[in-house]
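Reviewing the structure listed below.
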């Protein structure tokens, strides 16, 4: 049993905690945060299923007043674990890294940190081998993580020369009041960082892309234009994507009309928080442009990086050295494989 | 064990099924719907925890192609139960009623049906006694159900003379693509039906109100102006509301900034579908206007009527004749009482 | 001809400039801003109908590169005018005030500044007399300005004892990318500042209110609950409101469904920028609650304070000492009276 | 002076009327509609700058009650004109066509009608010659009209082999209450009709595309991936686009962040209704993908088809036989050329 700690119990940190807790070969030592946020209050209301460590200072009375117990401070958490999953706000991870180095612990940072914080920029499916045994990993961001699943799937099947993306991005998470957009589409300077990040992970592919922010909260939609090395029929494409355990091929015909249908479906499945670990690929969007192919995928931004982060634990701690064995373990424990079996 | 069936497995029907399944003194015989909607597909993907009955005709092949088994047709479901919860689209319930009458079954209709469909217009807390032993009950709509909780709470404490409401309404449920509003507030002719409905349930109170539709999906917010029969301090008010098992008194100070905070919190609690059965009352909105009091409440529209509908089963089937005993059972089995105990 | 300058050529500043330019007894000397914003670029594209003064420093090259000429610096503008309309960002006005004092100029600040910046908190209709001859005036904010029109109208007709408001607020202006809200309603601590501000202007009325932010850009909607000193029928109310030159009584029946209908209507009228100077009152929302009355009004936030600010010029510079004569001049020159005459 | 009538005084019809009224070689005989809509009420409030014809029946009293005069019925309008611009709801145009045929009048239908209604599917810049002398023209839809401007510009410069589009579409116009989308992105089956329509107008180009609906009201954004026949640098591209009188090249750097900035800018320009006739192309989105180029454009959906429809009048009535002379006239009279000259 490898021992895992979580720094930052926010949107991502909570989901990492839940995901790690499901892994039968991992032990969640605890989670750390700096204040009694709503997420911590919910943890308390649920009866403290996870141990809480105090990553702040001078805030003890705040927790006491709410009768929220903590099991120690952040440094004490770090000492007890084999690896930290750092899901703190951008910039804090770089500071925490000093502590991880002091105790010679491994760590995985989320996409908000700078690439330089880590030894390797990591994606469970695309470059698992690069993460094996490394001390510091940085996960790709939510869009890039989901996107690479689809591109890597194609690339391993027939090879991909280049991709051009249009990223139609949600602007805030459900419940965010500190940022938002109202009745506006916002265009970013191109190329988008997701295209550049894809090239860092898959340097043999040329990538570019344009990103547009939209006033919605449930999931990004990316249209991918890909130039495969070998022509593919729509049926072959559907077949390749359908076999990937982290991709759901869905049909508009069946009622999957967009990101909000997928969020509703995940809620109706009874998934905790209405989360979904898979990206969805809309079957009726697959079209050809000459020999290029084009299709649209949905990225559930809150939960998408959880599987790949857990893959990262397996790589960094050398729990598995085989890529497919590693991701398979993650998938099994997260329950992702189940729906494919039916 | 009373036997319960559900007609219509949509937004409300699914939640009624889950709520009934939690009641230790009730048995959920099955749910019925007319087509393999996303909700039915989710039921299938979950492994059919509830038996499905086919309320359509000529659609058998659709279900077969998806390997979704059903346990009989709608009429067969009706025959097996003591009571039907009818959560079909507006108008269908009135048609189904003929079948319920044919087999002499009881039924509870949701707020979309006309009042005339039922013998009594029902609210678990406010007029439980009126529903005892009746054959056909109609639940108040989502806004009215939540609103009456707060008004009834005040009314039982000190008496209420009149209320004036501003209902700031969500325009669609998460995942709805068939209706919506974009960058617009819409004003309805006054008085709103919620005010009229409140007077039907609580005829001793004068009520009026204005309703404004807003382009959001998570929960209505209602400002209530109430004229109590006896002056109340803010502390007394907070005290009354805090003791009600279906009202959460929350604070903006703590991060409960609006409907989206409550939806996030319910998701973080791990509540199925991110639902919440309680209304929330924002403590810092309580103000006085002369001897009148004013405050804002949040109504989670997808799940709010579930407890009161289950109360209705208890009344119609005379499972409990005491109001507080009845609602207490519902609360216990739904797990609502838990958070109050801490 | 009194000479007027504008500080800050943003959402409000542009509209103040246009409004002053229409007054036949005023001369717009020029407008000042600190950078070539989109508004300044539009001024350039229109051929510089107003003289521009540079309120920044070190930015000359920016303007030169775009071939946008300016007629001097901010201090030079101040020296030439009788009164400055300060529509700069909150806090800047207080700093500018030093310059206005240095040259012994009058000034009117917008709602964003602190009350203490001014000698009097001003509303053209409600307290014109208080502004006569004063050096520094501060206008009420957009919501308060529109709200007071309706309350003052009632108060002058029959007297008003108290009001209780629900303010359903737009969260950003069209084109704002620096702030927004996405799929969320946000509740503020009560009482809202608009209620407090109303009491500052009309100290004989007791006011309170709750404010809710909504994700829309075109206009606030306020429900007003008012206790008049004398009972009023709906017809009497409609009659009073219809005679007010800055209130439009509109009907849902006719297609005025909410704030977006009014914005569309103003665009279809050919009003510059699709602006409207009047508040709208939805006739079918007028209801009684005992002897209290309740109704909903629409506040076009971008343009609503323009008439009252121009009234302020008339008061501060003693152009008219009679309230109705002053506001009448403003109305005539703005063309507001026209629609009433038909 | 050719004589023009407008059928349907809605979002498009109003703008066609304004556009035609600006053409010095055209006379606007009148506009027709079936009921006193808000647009007709605005026409009345403006003092009836255009003659109104009654296209309904049995509605005379409605108009009379509002003192809105009309100059005759629809058939009388048709008899007086050389050409009708039909901007009625989809399907009505096909019915009106019978009347146009009866009086042997020419007509131009908007994008909502079926292609079969017309002799030619028309775009002023791309296939002007095809419309010369024809009786019935159908305009491309808003997205297709704007898109073809950019593609035709490239095609005439260096030739274009194929294009692949991602259309990020606004779901409703400002003021629409009969349709909307709330917190959701909606994906359509591919290929989108815009891609198919482009191929009808420009059959030598292969086109495909995916369309995503977003909850905003001001303008579509399209990302275009184009394969030119000759490699082009970014500078060459900017140069080609900048010379097109109906394309604005704008910069994110300057504050043009998306569709809402452009709407604000058009309002600040003082353009009637805040409309803009040009598409905008965001300079910083131009990127290369191999020899392909990718860029994002903004389509102001309410006004974009006005210039090309007026071009259509010129073609159908053979006012000009030279494409550039024709569009140049339209541009001059609409005032579009002005901003390019500075």
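Letters A, B, C and D mark the chains in the order given here, with residues in each chain numbered from 1 onward.
Simple rule for what comes next: a residue touches a chain if its C-beta (ideal position, glycine included) is under 8 Å from a C-beta of that chain, and two chains touch if they have at least 3 such contacts.
Keep in mind that this is a model prediction, so the values were computed, not measured.
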{"item": "Chain separated most widely from chain C, comparing mean CA positions", "value": "A"}
{"item": "Pair joined by the larger number of C-beta contacts - A-C, C-D", "value": "C-D"}
{"item": "Euclidean distance of C-alpha centroids - chain C vs chain D, Å", "value": "35"}
{"item": "Chain centre separation in whole Å, for chain D relative to chain A (CA means)", "value": "42"}
{"item": "Between chain C and chain A, distance of the C-alpha-averaged centres to the nearest whole Å", "value": "47"}
{"item": "Multi-partner residues of chain C (at least 2 other chains)", "value": "174-177, 182-184, 186, 215-218, 257-258, 260"}
{"item": "Chain D contact footprint on chain B (complex, rising order)", "value": "171-172, 174-177, 179-184, 186, 215-217"}
{"item": "In the complex with chain D, residue positions of chain C that touch it", "value": "14, 37-39, 41-46, 67, 173-177, 182-183, 218, 254-258, 260-261, 263-265, 267-270, 272-274, 339, 342"}
{"item": "Chain D partner contacts - residues on chain A that touch it in the complex", "value": "161-164, 166, 168, 183-191, 206, 208-210, 212-219, 221, 223, 225, 227, 252, 257-260, 282, 284-290, 292, 294-296"}
